[in-house]
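Here you go, one structure.
The chains carry the letters A, B and C, assigned in the order they are written, with residues numbered from 1 in each.
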Amino acid sequence: MKNRALFSYALAYLAFLYVPVLVLPVFSFNNSEFIAFPLSGFTTRWYGALAGDTAMQHALGNSLKVGLVTALLSTLLGLTAAKAVTHYRLRGAGAALGFISLPLFIPDIVLGISLLLLLGASGLPLSLAAVVLGHMLVCVPFALTVLIARFEGFDRNLEEASADLGEDGWMTFWRVTLPLMLPGIVASLLLTFITSFDEFLVAYFLSGTEATLPIYIWGQLRFPERLPMVLALGAIILTASVGLVVLAEYIRNLGVKKPMVGA
Amino acid sequence: MGLALAAPLLLMAITSLKSQSGISFSEGWTLSHYGEVLGRASYRSLFLRSVLISGAVTLVTVALAYPMAYFVAFHARRKFIWLVALTIPFWTSYLLRVFAWKIILGFNGVINSGLMRLHLIDQPLEFLLYNPFAVVVTLAHAWAAFAILPIYVSLEKIDRSLLEAASDLGDSRFRRFLRVTLPLSMPGVIGAAILIFVPTTGDFVTPQLVGGTKGTMIANIIEVQFNAVGNWPLGAALSLVSMAMVGVIASLFVAAARAATRAAR
Amino acid sequence: MSFLSISQVSKSFGGPPVVDRVDLEVQRGEFFSLLGPSGCGKTTLLRMIAGFEPPDSGAIAIDGEAMNHVPPHLRPTNMVFQSYAIFPHLNVFDNIAYGLRKLKLPKQTLRARVEAMLATVRLEGLGTRAADQLSGGQRQRVALARALVREPKILLLDEPLGALDKRLRETMQLELRALQRQVGITFVLVTHDQEEALSLSDRVAVMEGGRILQVASPRDLYERPSSRAVADFIGEINFFHATVREIGGETATVNAGLLGIVTLPRANLAAGIKTGDHILLAIRPEHVRFASDGVAGDIAAATFLGERSHIHVSIAGRSDPISISASGAPATGPVHLAFPPEKLMGLPAGD
């Protein structure tokens, strides 16, 4: 029947998606430098090697820093823009949104290069700060999409009701607007962080001497003997990301139904 | 923000017009780089190949993703779980995913060693890696989520009562799909196609890792100009030309798709 | 001195005025309704009383205090929104207690007050229920409770029963009326449903195009409408064109075309009508009688509605059939209609 064929296809497609990803953990425990079957026994030495790799840890630190700053700034910008667009019904809103979303449609390499040129011309150094700026260009559209969707589902009456019941502007924001926007804000932070963390092309051009994690990985790919370590790193990143998403979901569903008298 | 975008692009345009000698930019403007870009046959064929590969990637990715999105929109019971399951593979580094395919498709890679172990083949399959085929497969995997989500959203938005009305008026399920579902999901498909085609033309990671010499794309050359060769103006010219080309193709595609959808009604 | 006083209030949103020089006085403890079709300005007027929209001109005063520069969170009014606006991230108890936070009441007192209000709106025991698990009727009661617990001077209600199904609506109407009597607070209700306005209110203001057409008790609106618009809006009515021949001390004589020369009590004529005026004679469907002689006509359609039947009778010389509401009436055939003069109203034909 149609359903069964479609279902089998769905499973097959899912397998297609997951198999390459599963290669990472599988071979990260493989006791051989060659990534091939047959497997040669279980080992954790590649993970151990990671612990001693200071260059990698430095790059990881850089990526975390860049990711966090990018996430915060992009979400902040996205918030103000989303609020402006939905609340004040500005006339140029559609055009402005299109413009802001433009980076999504420009190949990363073009983005990276043009920013590189811009920095060169203005005399600003290539650095992690430059990477943050570049990432923001890419991440703000994502943040905007999430936040605008959230804003539009927001009943304006709720803020009026709060005012009607005696709360001034600031308290209304604190007691009604913010709690209801929180899931959207968290989602935006998460999305922008992960986008920035994983971003390679723009960082490649803009980071100068400091490496982010993807740049570090790129450098390692040339050396076959370091491959299993890289796979171990990838496996860790995967687990951490999944864990983060699960945690975020959990937190999101926590604050919803508890009675908080006087909140 | 729009200004922040315009400035670098403008700068790139300016740089591409400058001439260069030695390590620093020399005086004077020139269109010689554009002449080089458009004139050299090797560049032209490279452009062509890039467009073809990107087009193939877009086609394959969208074609593979559509049934998946359809399944989740219409037949899945716990849609959220499916969507999460579909996005989890993308929580890994893009580089590593591409690299994973290199491992899988390689001469001594997973597929070959596995098949040889199972005695299904004697010699490793050579066609798997270092050619456009590998690039297409790898990117179809990498962009899957970008394709599934927009298509899913537009499928989900379709008013179910429209489908019931079509059935009520005599359409078989297949006809109904062709006449109602497909046209109504076109915005999502077009969005997905653009979302995939454009970045693909600018990707140099995948071609470099799995494309080999037969699978090089324009972005590789651009990257080389900026890093190894140091001929920034040429690189800039190449970038702008490729971007313009991509833009034109994308607009043509969108216009054509819209016209086709309208005609099909 | 009236409790809520609205004088010459106008408001426009960049086009023709939505509220046009409205004057209104509401007494303390009244159940007052603003009735009118969509777009007549009633909701805008309500929002101006609440403070969400500033009037372009005019003044609003509550209990003697001018409200023109007072923001909504400081006004002695509370509103029940059409969409109820229940806070989705709080449960029932916290929703109701929301407006009490500012008062900084001791925990016991707060709890007692909220519980008492829960009982008043008959939602006892539902304090811990989440907002998204409430039915329509329950949400409406939470919205009511939340507004009332603050003991406002005026409770504003914006089409509060519109989203409920018919049966629930009728039950809630009775409850609302009883509640108002019990609590004694001034209610100002906005609705487009004339049955609702008539059954709930002490007085009703009929609005159209941003202006007040008439303010009166439900009975007066029904039996003594001051204009065609009001008469038409409230219930069903039959109109006949007529000219005033003579106005005497107790009676007036009019030339009513198809109905012939009719003499009706002078009190039934709207104010300001003079001899020679072109007027509309109006009579409600339930007052038209079937008689042995009178105006001749044919039954065009009859709908059986249980206790009464709704009958349309077409008569020669007139395009619209006459609407009649009667019990035990004939269903077809030729009939004669009588129009008791004491039930005829005379309205200005101008508008």
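Assorted remarks:
In the analysis below, a contact is a pair of C-beta atoms (placed from the backbone, for glycine too) under 8 Å apart; a residue touches a chain by one contact, two chains touch by 3 or more.
What you are looking at is a predicted structure, and each value in this text was computed from that prediction instead of being measured.
In terms of Cα centroid distance from the overall Cα mean, chain A ranks first.
Set against the Cα centre of chain C, the chain with the most distant centre is B. Chain A and chain C have CA centres that are 56 Å apart. One finds 20 Å separating the Cα centroids of chain A and chain B. Rounded to whole angstrom, the centroid-to-centroid distance between chain B and chain C, based on C-alpha atoms, equals 63 Å. Taken in their complex, chain A has these residues touching chain C: 155, 157-158, 160-168, 175-176, 179-180, 255-257, 259-263. Touching chain A in their complex are the following residues of chain C: 50-52, 71-74, 77-79, 81, 83, 85, 87-91, 93-94, 97-99, 101-102, 107, 110-111, 127-128, 130, 146-147, 150.
On the side of chain A, the complex with chain B involves touching residues 2-3, 6-7, 9-10, 13-14, 16-21, 23-24, 27, 34-38, 77, 96, 99-100, 102-111, 113-118, 121, 137, 140, 194, 198, 200-201, 205, 213-214, 217-218, 221, 227, 230-231, 233-234, 237-238, 241-242, 245. By the touch criterion given at the top, residues 1-2, 4-5, 7-9, 11-12, 15, 64, 67-68, 70-72, 75-76, 82, 84-86, 88-89, 91-97, 99-101, 103-104, 106, 108-110, 112-114, 117, 141, 144, 173, 194-195, 198-205, 209, 219, 222-223, 226, 232, 235-236, 239, 242-243, 246, 250 of chain B touch chain A in their complex.
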